[in-house]
């Protein structure tokens, strides 16, 4: 049994990690820590985690986190490096925060306004070379939820050299992506019945991460226009991604590229022609649903992907990466059926 | 491996049965049948069931349903008897419809307007004597979703003789309880942002089933005023149940009765004092969350319970009953963690 | 032109007051004040109030509130008395808070834990004698949202002597009733897809107000079991109210009593038989939709009412009361069409 | 008093027309007609229209529609020409359907698969020359909801020559845009908690209409990639629109162009810098909220607009156009305050 700990377990990412770990046959759950919620019963903060109802959140200290094979970090940005430094090199540290995702220190500083902590192996195994980078890793940076949805939607187009390096992405997201801290604009009264964009004009912090992933696949810099849209649902990301098609690209060639790229992927499902992804179908699962189209009049490749932002977009991606790092079956403990309707 | 079939698999109850059976380690899924959807790919109708994406719904015929150990029926009312008659007596038939729930033929005829088909062992193991009735059974009537939520909320009060036989129940329900047939009043545009009652004045068909359960526990007829309320969420029932307290009942005695009644129940969780159930915490799970209070000024016992109407309220209850009937561990394949937020 | 001010205008009640006053042909809007939002542009806090986009919230001081004919108070409980004391006796003060609703100082202290401020004319004109009490009044206590929905649903039954003095009420409410202060359990992620009860067991502060109203109509103490349920919608209350029918009450007599009680009411609509109220149909309006039924098997009268908690339940009721107090046409500026779907 | 009729009054567009006309001080409502709902009480189909509760839908015939000054058509595509032909040339016919929106018969046939009925003056007065085309008109084609949101967002950029003629639009829409016909994928159970795209790859019928509007402003063909996304809310469109910025465009120049273009527009509000539009803020109103940004890294102009699809996007635009055509004040009867939260 792999012994795991979750630091930052009272938030949404932490709660989803615990939900998935509870259903994972190869792990046991050790320390469950929090910051301001330390000392509170898990039952009061995460009432959906029935089997942990008797537990109490501990403080996030090196002592509490010691003695585990895997430590998941679901902490605010900027806190992961210090915690990881106290854990031995043999411990697998899986960071759901942003600290170690970017390779370019300048981009980090531009978007996060602090000193770059470094770069860890990137937990998106479906990207070219992604699995290899994770095997045996002891430090993993879990991708952001939007970069997961967008990178998986567009890498086949860039990998097959079908698209111009200018992507436009508008992604509708459920509210859990904004976290559990109580802010007025996230109140149910505000979000129900209303859609709104944020980070408009390329200011969202996931923008450089998306560009980093697509550029690596394309082999040249890909410019990304990214707009996230908050919509009234608790979970899910629906990413509408497009890029100018290179001359001569046909609908058949496009679909073939996607079929080939996803052929052996256990979690990505290219939907049958005519069927569009919906976030509802992947809720609670690690599945990624994708559909692709060529808009000949506009000259653009349009790819729509749906994920659960908390599952494949965060905690599911984290567990999948852990499985690979530890040499466990990649799909272990990760549901591919959504909870719908 | 227990070989299972699901008849009526294109609806919500059928889809949830398949979702749970896909995660059940002791079963395999054989025939998956439908009526008007026969011939269509499962992927198009139930896109959340990734592992069945390559399947096609078959017709609901005796030939197709033959050769299974367990056949789940998720059919419109009135169709189960004919299908069951074609299946051997050794086959376990688990009926998610209403046909065999009521004992009183007169009540059946009054509420359903047709001839009573009979009465099968009742799939609510938590009721007194409930498990015994299911062990070895080969025909099981799965309770209605509302009767599940209400009966589990009130049986301890009646079992311990604490309440007058006059219950008042108002239960908020998600829309999936109304099924997948497209009706104007169930459109998203109509239900979002709106709550409405139906079956007002005791006309909902679950009313006699609730009364039957509570009367059996109380040992005398319990009158039930039941009002279901449709609220804007896909899943979940929150039942607010009350009854006049008998003289001398104290809050402590009340809580003790509930602690005792639920002590060994794997799926029912009496929440800590001060914490109220929410349907979100049980979404996708077989869990039942309950809280109990004594309103001294009004002289009433008030019990609130939360279930997932499709899981514990239908498909989860069906699988739980199957487990008991076949001698499998009762909890096998049934999640107790909810998908929240 | 009547010159009005709104104190506490940055919250939901204040915003709704401003929305209605903007559409009221007989008033002009003077001071618009706030507490922590003082100094902020209205556009940033209440972006739906386009015509006030150029305004800035002022501080809630006697100087700012001076010089108006009508001052609406939408303040936290306990603050109204001090503000009102600074306003002249000729100024109409309409308090949307709870401070002056209850007549019984003991009940106030029991439920609010502070000294009783007093009792003002009660702004529910539809109750027997209600209009008379408001004509010429210069201090008005606007009822709570739940008491409005419940009192209007049940007063005809008690007024006609048809029901036992033991009411059971379960009311589903949208989240705006809980206000705009950011609390974790009111986050969109928490409330969407989830229903939960609160104030269970008779502890909600609107309980004594409901009992006060019904007892006055019945001419004897009416016990009230009241449970509010938070459901995923921004606005609306659907109150399911029942009470034991007195012997001999018939469905016809019941309906007649309601037709008679509502005959001249401009805002209350007794729906045709067979049609149930929905909160969606009254959104944004001052309308009250009601349906009534006799459940003979359970021996209970069941009345369902729908209101918009912010409109008729707060700001609409306030404006309606102002109209009466000032001798304006009662319906002036108050929409009776809902914004649906 | 202008005497108006609404044909197709039982649907969402028809209901919204009636809601606005009920609040319009210059009109009276004559015939209210429907197809399959003819003969049914308005109260049962449009319960939010209290003042029309006593009415019954009539059949849509020339006789019934005769004798009105204005006839609004809210009919399925393809039916407007025949109805309009029966009405005199002096009658103002305002068509909320698509039949007369497109100028290019070839585009019509490509997207609608039928013979082009013709082209009427286009009911989007904010476009350059838009008001002039409507003054005195007796036939008006009301724009589609998406073209309204997108054209108003992008015309200033094209009008000022700031953008390349390649627009990319992703627009989140509430479900009422899909109409009131009961289809399984529009059930509340399906849409709540889920987002999905449709018409992907440029197949949505509003695409050529958007291109027509933008091309007219730009003075050269504008290619449009348009993807609509269905999100869980009843009303509202949030359009995220972008186009490559021409060389040398600055953020200041961009904002100036928008300030200038909207300076005299009563319904369009360019939000203060830093504030993003939300559909909730315009619900029920004829307001258009817009924000604009220059994404320098991606080299794109990004404009986000929010409208109520049923109000400004359909019925509000229709009434606004009527006002202009008849010489009434343009803003008469059209709320600019949204119903929020």
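Letters A, B, C and D name the chains as they come in the text, with residue numbers starting at 1 for each one.
As a working rule, a contact is a pair of C-beta atoms (placed from the backbone, for glycine too) under 8 Å apart; a residue touches a chain by one contact, two chains touch by 3 or more.
Each chain and its UniProt protein: A, B, C, D = N-acetyl-gamma-glutamyl-phosphate reductase.
Note that the coordinates shown come from a computational prediction; the quantities given were computed from them, not determined experimentally.
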item: Selected pair, greater C-beta contact count between B-C and C-D; value: B-C
item: Most remote chain, CA-based centroid, reference being subunit D; value: B
item: Subunit B-subunit C separation of Cα centroids, rounded to whole Å; value: 37
item: Where subunit C touches two or more other chains, by residue; value: 12, 176, 187, 189-190, 192-193, 232-235, 278, 280-281, 283, 340-341
item: Subunit D contact footprint on subunit C (complex, rising order); value: 12, 15, 19, 22-23, 41, 43-44, 46-51, 53, 176, 192-193, 234-235, 269, 271-272, 275, 278, 280-285, 287, 289, 335-341
item: Contact set on subunit D toward subunit A in their complex; value: 166, 168, 170, 172, 187, 189-190, 192-198, 200-202, 207, 223-227, 229, 231-236, 238, 240, 242, 276-281, 283, 291, 293-300, 302, 304, 306, 340-341
item: Residues of subunit D touching subunit B in the complex; value: 12, 174-176, 178, 180, 182-184, 186-193, 232-234
